Amino acid sequence: MRRFGRWLGLGPALALAALLLCGPEAAGAERYFTLATTAATDNSGIFGHLLPRFTGRTGVTVRLLAVGSGKALRLARNGDADLLLLNDADAERRLVADGHGLERVEVMYNDFVIVGPEADPAAIRLAETAREAFARIAALQARFAAAGDGGGAHARELAIWAAAEVDPQAASGGWYRDSGLASGTALHAANDLGAYSLTDRASWIAFANRSALRLLFDRDPALFNQYGLVLVSPQRHPHVRSLEAQTFLVWLTSEEGQATIAEFRLEGQQVFFPNARPPEE
Amino acid sequence: MSRTILPGGLQSVSFEAGGERLIEDLTLTFQPGPLSVILGPNGAGKSLTLRLAHGLLRPSSGKVFWTGGPDAIRHQAMVFQRPVLMRRTVAGNIDFGMKLQGWSRQERQRRRERVMTLTGLTHLAQRPARVLSAGEQQRLSLARAWAIRPQVLFLDEPTANLDPTASRAVETIVTAIHESGTKVVMTTHDLGQARRLGEEVFFLHRGKLVERGLAKRFFEQPKTALASAFLRGELIW
Amino acid sequence: MNDFGEAFAAAFWLIATLDPDLYEIVLLSLRVSLTAVLLATLLGLPLGAAVALFRFPGRQVAAVLLNALMGLPPVVLGLIVFLLLSRAGPLGVLGLLFTPTAMIIAQTLLVLPIVAALCRQVVEDLWFEYEEQLRSLGCGPGRAIPALLWDGRFSLVTAVLAGFGRASAEVGAVMIVGGNIDHLTRVMTTAIALETSKGDLALALGLGLILLVLSLTVNGTAYLLRGAARASGL
């Protein structure tokens, strides 16, 4: 039994040694920080444009987490991310008010669009406002594919339904299909179902698989989509990489950063518009 | 083989399993020298007696004794009715027992070559043990046991599953082991085999020792009625 | 159908031209899954053998638990590891969340029950067969472990391959604890999920084809091993 004890310990000891050997990326002298953003923002490809220029300029690398908006906020509250780039102003302000976020800085905007089948059975091309477009869809009970991930597009969509005095949950499973997916994936569902959907312009242009869908409605103030940066509070979460995150915030709101945003083109179109403003108090 | 573990044996040993008394107040002593055969009808407790003596089973009462103390099992080996061979080569199986004895590589190799020659397995050395014929498998069991130079070798019905040719080969090896100085204690239900190999007989019936004596005398003039009925081939129960 | 053909053509092109992004992802996947399988093997074999051979209180419970954990959904395990490694969790100070190490930990825990449970079964069966003979040779359960593991080597390698199959194919756990960070924690399965959601099917399909080849290799190896084992009477 004594012999076995020695032997039994050997496996776990080797395992621990191996784990230690393979974990150098946890430490190291690399200057980096973790940026949490929405999958839709990442899917636009803008980070492939921004991050190399930022890293080239500052030597700081960015670990980009593309998750649902709700998850990103959760990461900030737990101190698992250093900086947020989101499009949910209310939730961002709440984060700052609760002390998890240090400050919120607006940096750029894009807009949402309503897409749907080319035939446009609800004739939303003729609508004056987004609210009217949604009302027409509900009146016809035309299929609508929702992004149910709690992200910015989802929040905006629910707000427009509320304005149109429609309760989509009542029709859930009928004409209203809540995919539970991020908005990029919801576009696949819309494509297959011949359904309408709300998505951001960047996701729409980046969505390479649009065979039957068309952009049917855009350019309404209700579809305006403001992005803000929130620095996670180093007072509340002492381990956060505040310096590196702050470097990114300063760069992105600088003339150079703002110009870099404006330069980004998706299929030849500008989809993000810089509008940096001083931090909110 | 610094010191001998013989004599040894059972002293007033009883063994119970499942509420049944299978061995009852059994006392027998194995002396150095004669090849001992344990005889008896089915259910007499022959295999149990071997396992108790070898230390594989613990007696319910009484005691098993070997001269020189408790690690006597190191100087014993056993070959079972159905060979238990490991999933390795013939050479690997023979090596395994010697490794447990802590022998060096050269020692093992020399001894392995020797016992493979003695058991006629040399040409099969690198063959996986479990694809051998039944006779070859039993010869390998004997070789593995013999390799560690046991002072006592227990054989439990070593030829029960073998054809006559293979049985004869096993008997030849058993004789050679006996002549090499190892004390052999075997059970058999084959009276012919008992006559050919046995020098001393323990006759058991229903877990009790009925008669013991030199083989020649036992086979010619059994002292008990049970033994003579058994030798006449009558079913006794 | 056009999509289908185009995606395949693009996928083959990526593979054939040794696309650096694709191969970076493949290499990280292999590094994470192979390390996890190695660790799970080092931990799982002794654990399985101990549960098979030693009588201790709770042994039956341990055996049932191992079998039950074999079927644990990766997302659930990912969630648990996420909560442990989060800065707000008990192991938060290590700062391991969203690193390859976190993915290795999650996959190790995912594979461990498979290796341990199958090892327990193999060792228990062998011990049942060998016990008398090994005790006769002076070998108790403790000393028997290396011998039993060696004799069960073909079955155990199959168990380890099964573990590798599970690790390399799962997406739930690595997505949650790794975060699918480009150039850091993006592996084949998470990249496939991401690229599909973006509608970029070529990279997703290219990676899918590589995963398929990997799975075929693993299963082919297991099949050949079984053949070899049967040929040598194991």
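Lettered A, B and C in written order, each chain numbered from 1.
Just so we're on the same page, a contact is a pair of C-beta atoms (placed from the backbone, for glycine too) under 8 Å apart; a residue touches a chain by one contact, two chains touch by 3 or more.
As the structure is a prediction and not an experimental result, all values here were calculated from the model.
Undergrad: Edges wherever two chains touch, nodes for the chains themselves; is that graph a line, a ring, a star, complete, or other here?
TA: Chain contacts: open path, no cycle.
Undergrad: What chain sits nearest the middle when you go by CA atom centres?
TA: Closest to the centre of all protein C-alpha atoms: chain C.
Undergrad: I'd like the Å distance between the centres of chain B and chain C, where a centre is the mean of that chain's Cα atoms.
TA: 47
Undergrad: So, what's the distance in Å between the C-alpha centres of chain B and chain A?
TA: Centres of chain A and chain B (C-alpha means) sit 78 Å apart.
Undergrad: Averaging over Cα atoms per chain, report the distance between chain A and chain C in Å.
TA: 31
Undergrad: Do you know which chain C residues sit against two or more other chains?
TA: 143
Undergrad: Within their complex, state which residues of chain C touch chain B.
TA: Of all residues in chain C, those touching chain B are 129-130, 132-133, 135-139, 143, 147, 150-153, 232-234.
Undergrad: Give the list of chain C residues in touch with chain A in this complex.
TA: 3, 31, 35, 38-39, 42-43, 45-46, 50, 86-89, 92-101, 104-105, 108, 140-143, 145-146, 179-182, 184, 194, 196-201
Undergrad: Which bits of chain A are touching chain C when the two form their complex?
TA: Listed in rising order, the residues are 1-5, 7-8, 10-12, 14-15, 18-19, 22-23, 25-26, 34, 39, 43, 63-67, 77-80, 181-182, 184-185, 187-188, 206-211, 237, 239.
Undergrad: Write out the stretch or stretches of chain B touching chain C in their complex.
TA: Spelled out, the residues of chain B in touch with chain C are 51, 54, 56, 73-74, 76-78, 80, 84, 86-88, 96-97, 100-101, 128-131, 148.
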